[in-house]
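Sending over a structure as structure tokens; questions will come in a sec.
The first chain written gets the first letter, and so on, giving A, B, C and D; residue counts start at 1 in each chain.
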Amino acid sequence: MTIKIGAVGLGRLGFQHASNLRYSIPNVELVALCDMNEEKLNKTAKDWAIPNAYTDFGAMIKNRELDAIAITSPSPLHAEQIAQALDNGLHVFCEKPLGTTVEECKIAEEAVAKHPDLVFMLGFMRRYDPSYAYARKMVFEGKIGKPILFRGYSQDPETAISGAIAYAGHSGGQFIDMAVHDIDLARWFMGSDPKTIFAIGGCYAHPEFAEFKDGDNVSALMHLQNGSMAFLFAGRTAPHGYNVETEIVGTKGTLRIASVPQKNMVEILDEHGVRKECSQDFIERFGDAYRNEMNEFIACVKEGRKPEVTVYDGTKCTEIAYKCKEAFENNELVRM
Amino acid sequence: MTIKIGAVGLGRLGFQHASNLRYSIPNVELVALCDMNEEKLNKTAKDWAIPNAYTDFGAMIKNRELDAIAITSPSPLHAEQIAQALDNGLHVFCEKPLGTTVEECKIAEEAVAKHPDLVFMLGFMRRYDPSYAYARKMVFEGKIGKPILFRGYSQDPETAISGAIAYAGHSGGQFIDMAVHDIDLARWFMGSDPKTIFAIGGCYAHPEFAEFKDGDNVSALMHLQNGSMAFLFAGRTAPHGYNVETEIVGTKGTLRIASVPQKNMVEILDEHGVRKECSQDFIERFGDAYRNEMNEFIACVKEGRKPEVTVYDGTKCTEIAYKCKEAFENNELVRM
Amino acid sequence: MTIKIGAVGLGRLGFQHASNLRYSIPNVELVALCDMNEEKLNKTAKDWAIPNAYTDFGAMIKNRELDAIAITSPSPLHAEQIAQALDNGLHVFCEKPLGTTVEECKIAEEAVAKHPDLVFMLGFMRRYDPSYAYARKMVFEGKIGKPILFRGYSQDPETAISGAIAYAGHSGGQFIDMAVHDIDLARWFMGSDPKTIFAIGGCYAHPEFAEFKDGDNVSALMHLQNGSMAFLFAGRTAPHGYNVETEIVGTKGTLRIASVPQKNMVEILDEHGVRKECSQDFIERFGDAYRNEMNEFIACVKEGRKPEVTVYDGTKCTEIAYKCKEAFENNELVRM
Amino acid sequence: MTIKIGAVGLGRLGFQHASNLRYSIPNVELVALCDMNEEKLNKTAKDWAIPNAYTDFGAMIKNRELDAIAITSPSPLHAEQIAQALDNGLHVFCEKPLGTTVEECKIAEEAVAKHPDLVFMLGFMRRYDPSYAYARKMVFEGKIGKPILFRGYSQDPETAISGAIAYAGHSGGQFIDMAVHDIDLARWFMGSDPKTIFAIGGCYAHPEFAEFKDGDNVSALMHLQNGSMAFLFAGRTAPHGYNVETEIVGTKGTLRIASVPQKNMVEILDEHGVRKECSQDFIERFGDAYRNEMNEFIACVKEGRKPEVTVYDGTKCTEIAYKCKEAFENNELVRM
């Protein structure tokens, strides 16, 4: 059985997902594309020989040939499109975030609950990165004893700052836009939700973020309900590149995933010392993870399984991110 | 245009290549399988829904549907199968080595020369590993100045020793079986062939290899025609895993590819210190490279291009490997 | 001019300081020792040919031959001994902490203020570690731009846990006993004091600490007055050894000091992967720093200079550590 | 008992040794200095308050106060001065090389043999570096099984090239001047001498060395008598700094000492990637080793012990270095 899928959104990551669906994922056939940008839409459909191209999402999901849909549209559209697609009987993969507000998340939650027979998967791709998956397995096999501290860094390169500033009014802020991945990882690795949150930060290089009550670098310290700790740091000014690193300190061992964001396995010895170049963006770093998660989604549809990442994970992470934002904005401790 | 391909040989690496052709390579359709093991052949054909299954190579290449063939059969069959396939008008991808003797290589060379319109590609996959490709580009852009020394290590894990001993009589020895990859890399990075070769080694852990005038660990020092140097080390007793590392020392910089054979990006801090686990075999280490080289082969067929790795590279590397073996066996300097 | 010095306290670190003064520090002569343990005192004095040995601190400081004194006695004695020594006209080096309470620190402060002609130095030895000194210089030369985040880890090995439990009632707790070094580093690198502090933690492996309202692993997040951030983590259960690592994230670069606690420059590739063994205690890790700080103290005495570490640094760090403890105990944000 | 010592030669390393003897080594008193440069001699004697200063070595060793002498004079003087000092009843520490020819080495050998009651120690300081000593102990405890391959790199920084060119006529060439340390390490780690040697190299950046039948980068492959292998590489053009690295591959493990020449424990993440700066010269890298070896010499004198490094090690390493030079010059295999 080959799953027939449509992809909505051909932005940077959307194009990558669609390309993976077209060329790298087994058991699936990409039969429809949807994007507002008609020129890009038509060119892509032609280049890849995709039979159906839509500028209207509502039209696409009425295509009876489709089994599933992959959503990488602008974030504020996610929840509504999830609901529409499910109501049309389609399995749904949706990029993070689930929604830009908790209310939107609830809409998606309800739609998912209404269709228990359909597969819904949220794109927390880090869980499908081979190194993260390996580390998670070690933690759950008890290799590091009892988890004590989770530390998650997400840093975008300074080279991407102009886009970030332009988008600052719509991003929801650092915690919702960037730290949400680390919030998901913290819950996934530590197996617990926060009970108390403190968050700080500021505009260290780019005062433009202050207008949106946001910072260019922020951090949060969380006490989780099982007593463990989580520290998050999210920044937009990394000179070295795209840096996502994670540490889990346990009573019997510590794991670090990507403690340096090495671009590849080349080490250079020159006048700058001994060095490795760094990953420059999320597609370079998480290319495998994006493929793996889509593979899992297709496999779930084929096998009638539910993926590990649920719609409730999406809502919970959004709620926590908003609590971090609240602590940051008010300079207060927030209890959940 | 979709290339229709047949794959011969479903051993460990052959199965991997076939699986990639079935599921991960765009623009290609795997339509035929060939293997002596009828049970494995039929099971694989059924699992993957491959319409044609052969135990006879001669029968497969007569299938008029085929455009190309991927050869991963036992090494002594390579040259003859290359010639047969080309003579039947098929493009050919062949796993290394080109042949187990220089004479076999010449048979393949002639067949390739006779069919200038067909694509032939030899599987020196390391060239298609992202880190090797990145390093090669740096060297050729002059980033490290003039190359001085090439150092290539190829170590198989001790855990694979029983298979290596069983196969020792047919492998051609350490230089032909293992160091041939480093010989290719040395020529590729340094842009020159050896003029003088010295080689030594011994049976440090497994006296069984002595029976075949071979060692379990061997090394060679080569003076290349452009004056640069190459040092090779090949071993079968690595306790830590599958270790392929390469260094190019230049007048303006040094590059090291995989200076440690890290399994993934997980770093562990525990009672053993601070550590990374290691790759355990060639498929784990070079999974991407195997996919990339096959992508390149298919792209060449589609676009009517010739790949960078030629049949002459195969012959030359085999010749050099035999000269190393000669130096090692006779304890003499060999001049080419 | 050779400075004549007496050393009080021959515990683990005291013995090390005394040994350095006897054998490794130029321009100084160790002429007196003081310890309550008469046997150890007399043996050491004899082995090293030290002419004066005292069990009574008051008697030692009356020795008119002395120019200076090095205090490594139990922490609760520090402040009083500092005052006595200064009042007797002696220059004073004192191991951290300055005192076990803020009140004790104030006693020391007053004594120092009363004797502006005498040198007083507090033993925040990390500042004299070559790597820390190198990093501090880079930060102050603007090499990493504007500092954003300080991260300081101090982990003692699990192998030392029984001593830590035995001493738990007198240590002042994790923040005063361990994190005080990181508090000093945070102030030193970031050039600012905290304005808001949140701290959490728990007993993850050793419930014994709960009795003293302490944890075996704790952390704190601080917002500093200049807007920068500091995250501290202090633990007693590290399986890999003695781990002190520090990171300073800036707008133009990030520095990490001892990001892994490598014991030496030996890398091991074996069945555990590729690894470095780790430092096991503070004397192994900071041996050079202990010598360097004592060199600086002697140089200050000789040259009539004041060292960079002042008595006020000692008080401030103690105050901050107590605020961390307060936040931790009450589960509240503390504002300074 | 305090050993009274005189130091001859106040060049870069000589000054360092003398300074260590004056300030950092216990149980010794530096009472005499000797150098041809009268100005430097007198200034140093005055600054350090050394009572005796000589421009004539013969006069210094007649000083009856002396117990021992440390020789860091120009290499061609070593053997003769060793003999003179021993004949005057003095214990002798001598920097490497023992002599610049095998004949000179024999003179030193005879003098040492004539005075079995006196301590003679040769300055192969790497053996006293903590990391090398640690690795050697592991090898001899069987931690890596049976040694298979020794790899030794010695690279001087390109920044020091003008001095190296100026000295090229007197250095004896790369093998005698630089690789001799690696020859000593190979014998020390592998416990065996070479039976066959091949050596190559060239002038890759600096044709000036050709005039002296030398290269700016050279290498040698040796088969040792116990069957193990040794590969040496010595270069003068390292852009990154002073790089001395060593690897011992064994049947049960591999050890690498200073696989990258990190300057300190600071890691930098900036626009060049993630990097460590490198050691820039031998005094920066081996400062501890120089102190430790002198400590050992003084301890041997005090305790009437003989040091591990013997005069015969010096002769043997010189012989091997000349055989490497012979192989390199003649492009022939050399058998010992």
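The working rule: a residue touches a chain if its C-beta (ideal position, glycine included) is under 8 Å from a C-beta of that chain, and two chains touch if they have at least 3 such contacts.
Model, not experiment: these values are computed from the prediction.
Trainee: Which listed pair, A-D, B-D or A-B, reproduces B-C with over half its contact pairs identical?
Mentor: Selected pair, repeating B-C: A-D.
Trainee: Considering C-D alongside A-C, which chain pair is linked by more C-beta pairs in contact?
Mentor: A-C
Trainee: Taking each chain's centre as its mean C-alpha position, how far apart are chain A and chain C in Å?
Mentor: Computed from C-alpha means, the inter-chain centre distance equals 42 Å.
Trainee: Would you mind pulling out the distance in Å between where the CA atoms of chain C average out and where those of chain D do?
Mentor: A distance of 37 Å separates the two centres.
Trainee: Please list all residues of chain B that touch 2 or more other chains.
Mentor: Residues 238-240, 252-254, 259, 262-263, 267-271 of chain B touch two or more partner chains.
Trainee: Using the touch rule from the top, collect the residues of chain D that touch chain B in their complex.
Mentor: Touching chain B: residues 145-146, 148-149, 158, 196, 198, 200-202, 204-205, 217, 219-221, 223, 227-229, 231, 233, 235, 237-240, 249, 251-254, 259, 331-333 of chain D.
Trainee: So in the complex, which bits of chain B are touching chain C?
Mentor: So the residues of chain B touching chain C come out as 238-241, 243, 260-263, 267-278.
Trainee: Would you pull the chain A residues touching chain B in the complex into a rising list?
Mentor: Residue list for chain A touching chain B: 22-24, 26, 130-131, 134-135, 138, 144, 252-259, 262-271.
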